[in-house]
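Next up: the structures, one after another.
Paired with chain B in one complex and with chain C in the other, chain A is shared by the two complexes that follow.
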Partner chain A sequence: MSGYSLCFTAVVVFKRKTWLSLGQLAFPCVLCRSISQNSALCRKNLAAAGPEKFTAEFIQKQIEEFNIGKRHLANIMGEDPENFSQEDIDRSIAYLFPSGLFEKKARPLMKHPDEIFPMQRAVQWGKDRRPFHFLFYTGKQSYYSLMHELYGKMLNIEKHQDRLRSKGLFSKDGHKISLGMSRWLTKEELEALLVENISTHDYNRFIQIMERLLSMPYCNIEEEFVLRFRHLLQTQSRHQMVSALQKDENGVAFSSAEGCRKTSHSTVVLRDCGSGRLSVNGQDSLLYFPVLQDREQLMFPMQFTGTLGRFDLECTVSGGGRSSQAGALRLAISRALLSFLSPSEREMMRQAGLLTPDPRVRERKKPGQEGARRKFTWKKR
Partner chain B sequence: MRKLNFVCILTDFFCLLKTFGISLKCLATVMSNWKIRDLLSLGLLGLRHSRGVLTKYSSAGQTVSAAASVSSPQLQPNDAAEKILNLPLEKPDFFRVAELFSLKDLFDARVHLGHKKGCRHRLMEPYLYGCRLDQDIFDLDQTVEHLQRALNFTAHIAYRGGIILFVSRRRQFGHLVESTAKDCGEYAHTRYWQGGLLTNANIQYGPGVRLPDLIIFLSTLNNVFQQHVGVRDAAKMNIPTVGVVDSNCNPCLVTYPVPGNDDTPVAMELYCRLFKMTINRAKDKRRQVELLYGLNAPSPSNS
Partner chain C sequence: MALHRLSLRLRPTVAHVRSIHTSRYGRQQEAAAVDSESEPISVFRTQENDPASQSEKQIGQFYTLPAEHIRLLFPHGLPNRYQQQVKTFNEACMMVRQPALEAISYLKKADYSKPALRYLFYGVKGSGKTMSLCHSVHFCYTQGWVVLHIPDAHLWVKNCKELMPSSYKSSRFDQPLQATSWLRNFKITNEPFLSKIKIKQRYVWTKRESTEEGRPLGELVDQGTSRVKSSSDVVAAVMKELRLQCGHPESNFRLAVAVDGVNALWGKSTIKKEDKSAVDPEELTLVYNLRKLLKNDWIGGAIITTLSQTGSLYTPKSAYLPQELLGERGFDSMDPFIPLSVPNYSEKEFESCYLYYTERNWLQHPQSRTEEGKKELIFLSNRNPTMFDRLCGFL
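Coming up: the complex of A and B.
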């Protein structure tokens, strides 16, 4: 377009000033009249620019810098640069730059650039400007190519069914895919997979057609294609870390665990003696916790599992106040009990909420307010 | 229309030059500086080149190329490229597309069957042979002619490395059309047509996108039996179209209409097969010719 306008103005000028010799007709842009512009027009329109785009070279440079930085960090920490894993990096950064910020994402972080910068579409066409993907002109190339593939799979299954029918081996309850504990990918996960924005209508259509594919007999030939879009559900109870059951010199089984609540930390050693004694920081529980409520908190895990008189507790607790220390102890006792129980009882404890650490901490005071939530007295005038 | 103005201005320009006695030689040096050849080969008059494949070049173009060839020394590497591009123009049916199908094949694929008399579009009447028991029958002689022209044009576009877009909004044949496009190495669009696809391309796809050089409609109607938006948009963007027009379609805006049936699976498979074969043939021919001229390149060519 610019080339065209260049020509146009040149020709117009030539028509008007015909006495100009050709030698003077250097570049017509010199003869264009200049337009004065407002500074507001020269400023970048940040809203219209859209999300920031990173070039491939930029990402490459970031990856190189990350790798070099990783080696430097390993040297600083005195560890082997070759076998420095991401967990080591996180540990080192937490050590070198301790931060008390609550928002985990606001803390200093060092991760591989692929995890930080969102995946972006590279330029979709080559040197001769021909697009790479055959569905480029539809606008949603990844989504539509997925639908194309899906339809191809369905045709495949139907062909297989026809082949079986011709041999007489077809049955309506043919092999279907066993899904197990899995769910379909959510819209966000599908968008991340395809690196493309999908509308809800498109997503629903996709799920509808996948369900239809699953309902066809003999769909097990396309099992791996379907499983690509299913996410395994993780049941909560499998992720419990159960502390090991140890035996001391007398052959008595014991286990220890830790717990915390607000600012209190506690450790508990549970011995399978059969006495039911409770000692906290060397003192008897009655002396340490004069209030009934705190003692009830300590007793609750064992009362729930029906092991009140069976165990001998040796507890240490520090920090916080009366109630938070009792809560910390309760959590530690429940965790220590896990190693003595069967999986169904563990599940019952988890459902009762005994194993969940209480996330409530003191909320900070904000400026302009009297407390965390209390505002200053509002005066009308 | 901006293109016409440009040509008018150019012709005025030449008249002015003649009146002031400025030689074409000086003009040629100036023109080569401005790289008007590049302008002509790209964007604006580029399509004029592709459309004028079967006709002569415009007079303005000819004078410029004649002027340029007089003096500029940069021409030798372009000679081979020019020969490669001009080679198919020597014969009327260079790619022998007429051999790909016969009238009997069209008849067997039920291409001659149209819709009922009530659905007939007024402008399709010249292409109809007649009407039997209320059903329109296409004149296959005309269809053969039109199809040969369309396939020839497609072959020339594919030979010159143009982008071909297959469009069809029929859900029954969407997969078939997409597979055909994939096999040819060309592009397909059998989905919902977003409004600004061709007309607002720079914003929708990003700056510097290349639009299709040919659009092949395997059915010019959309799902509500109205003319596909692509036909009108291609005409707006000066993109030539090839379209299979049934007896209820409007053949006006289609550059190379092919009157025939677009509802039967057999007919659609025939069309897809024919287009795929022509495009593959044209691309193979191009590769052959490039190799041939690549071998001849060391020998110096006289300007």
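Coming up: the complex of A and C.
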């Protein structure tokens, strides 16, 4: 848009010159700025400009500012500036700028500029305006260079195989790459790696050729290359807090645990007595939870593990309503059961969702609406 | 070679002989199996249908009530759900439980020349108090007693559609509808006694109507059912007559007074007078006379009662002890009484109830027939009879 405005001024300038010359004025006219400009032309066409481009110097400056800021922050908190890690930064920012916002991404943060600003391609050509990369004119230079490299690796593997065959040591199922629990990078992740847009067709082709490479024997020589494009899956059972199994004076094993849901908190003491008795806040479970649904919720952890008549439950619960109290108790019972079970059963419980605290909380009411989601009645006039 | 062929020919005959032998033996075994199969059916049932002959050995077992008895004795006495169950299963099976057996044993041993003993069944909601009461009443009926059964005293103190000032005493109120329905049921239950018992006093109802001395009790009851206006007074008269007469040596009957929900008599009521002030239960004719009957100043009978939180007014849900439900006044009037606690099912009783439902094909769900299912049912119902019954209702 700025180019257009320049053109406009240039036109204006040109017109003025002729007019002045026609008017036969002696002194040369000064290149003057047009006083009145259409405001519509001033507004930049933001969509056409694309995402904001940061220059390399700008990023560099940001990195320097970040490092200096890190040292300042360490001094404020009274800690050692040399060994100030990212975790310490997060902790300090959370302390200095406490925020009650629910959305974690909306809270104040201080991170290395590489994590904040998206990766951008540096200028791909030199002063003589000739591109650096030989594949620049394909349009997708990183993608094609990657495919070229991939093919080179395959040729390498085949050469290795020929060498082994000549020595007589070739076998069909030799030395494949052990993948473990990993998956291929998704298209988005590959785009982030190459800093370039690729189409689905290109991505599928890439995965196809990688699979082909993996199927060749003796591909372990390119293991490092392949693993760059595999993403390790998270370990299954994340660290679980298992409460300890204690013994009381009669030698009966018991364990206690807590649980919460919405605004209810509960504690449960699970005793290994052999009778299926259950008391909630000192009362019978039938009296406290007259609704069948709540009692079913309490029954679920023990029914799932098949330990219905084995344990004695002493529960206390407070806060919330009847359903959330039942949910809190269920979580507490499952946590207390953990110490009596084997690791495989613990895994089953985790996958059944018994150990996950329910994150649903009441949504706040917003201004301009009647409730959290309900809007005021819309009147046409 | 020939021997070989001979043995070949002989072998099928030998086998044939053996098969005959085994088939007879097999039939014997089958017969034995059938016998042993017919036995498990009666593990939770007992053949002793007479309450008088039941003992601790039958605790947990079901005995069948004859249909005739049900029709006569319990036109209004059984709990609603149990009545539906009787209709569904086409038989009335009641479980023999310890509190009822205890009450029956006391009834057997009591001395009827002394003032009437008062029995009170109490327990948590749904633990089987009304059923124990019905069991004891059945015993009294089989022994030939006169049964005065008030199915639910709470019905007399709430939801009254018609309230009339009493003709006898101006401060009291009559409830004609309840009185007439009760008299009708009383007539059905005690048909044989109505002609035998004669009244000892003259009752004047209106200027033209009166019942003379010496007339049978049946006439009094008919008077009450036909003349609705004076039915509450008739009830009072019936109660008085029975009370006075059953102690005498010449009268050969005993009186069993069975009241369900006795805490209603001393609680509050929801009936309101015209000026919107609450009516005290004492001001109701029926309640006043029933209270007189419940006093143990008469001989030759027994008073069996239960507490009930379900229909009671202004009592917390968790209250089930006599002190809480009867209140001070009630407790003082009922004192002394024999308290009988009715607990939830024991393991044996639960087992037999479960087997009964399975045998009646009431538990349709395949999971309910497994061990796991049984444990779930125990957990969810906490062995409470009503909850177990409701749970099985939709399984």
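Throughout what follows, the second predicted complex is superposed on the first by the 228 of 381 C-alpha atoms of A that agree within 3 Å, B and C clash if a C-alpha of one lies under 4 Å from a C-alpha of the other, contacts with A are read in each partner's own complex, and residues count from 1 in each chain.
The rule is simple: a contact is a pair of C-beta atoms (placed from the backbone, for glycine too) under 8 Å apart; a residue touches a chain by one contact, two chains touch by 3 or more.
Every value quoted in this text rests on a predicted model; they were computed, and no experiment measured them.
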Partner, of chain C and chain B, that touches more residues belonging to chain A: B
Looking at A:116 after the superposition, I want to know if it touches chain B, chain C, both of them or none. Which is it: first, second, both, neither? neither
Let me test your reading of the model: by the given contact rule, A:372 touches which partner, first (chain B), second (chain C), both or neither? neither
For A:152 in the superposed arrangement: first (chain B), second (chain C), both or neither? first
First (chain B), second (chain C), both or neither touched by A:68: neither
Contacts of A:192 with chain B and chain C, given as first, second, both or neither: neither
Report for A:296: first if it touches chain B alone, second if chain C alone, otherwise both or neither. second
Taking the complex as given, what residues does chain A use to touch chain B? 1, 3-4, 6-8, 10-11, 14-15, 18, 22, 25, 123-125, 128-131, 134-140, 144, 148, 151-152, 155
What residues on chain A touch chain C, complex-wise? 276, 278, 283-287, 292, 295-296, 299, 302-303, 306, 308-309
Spell out the residues on chain B that touch chain A in their complex, using ranges where they run on. 2, 6, 9, 12-13, 16, 20, 22, 26, 30, 34-36, 38-39, 43-44, 161, 163, 165, 174-175, 178, 181-182, 185-189, 191, 194, 197, 204-206, 208-210, 212
Touching residues (chain side chain C, partner chain A) in the complex: 124, 317-318, 372, 375-376, 378-382, 384, 387, 391
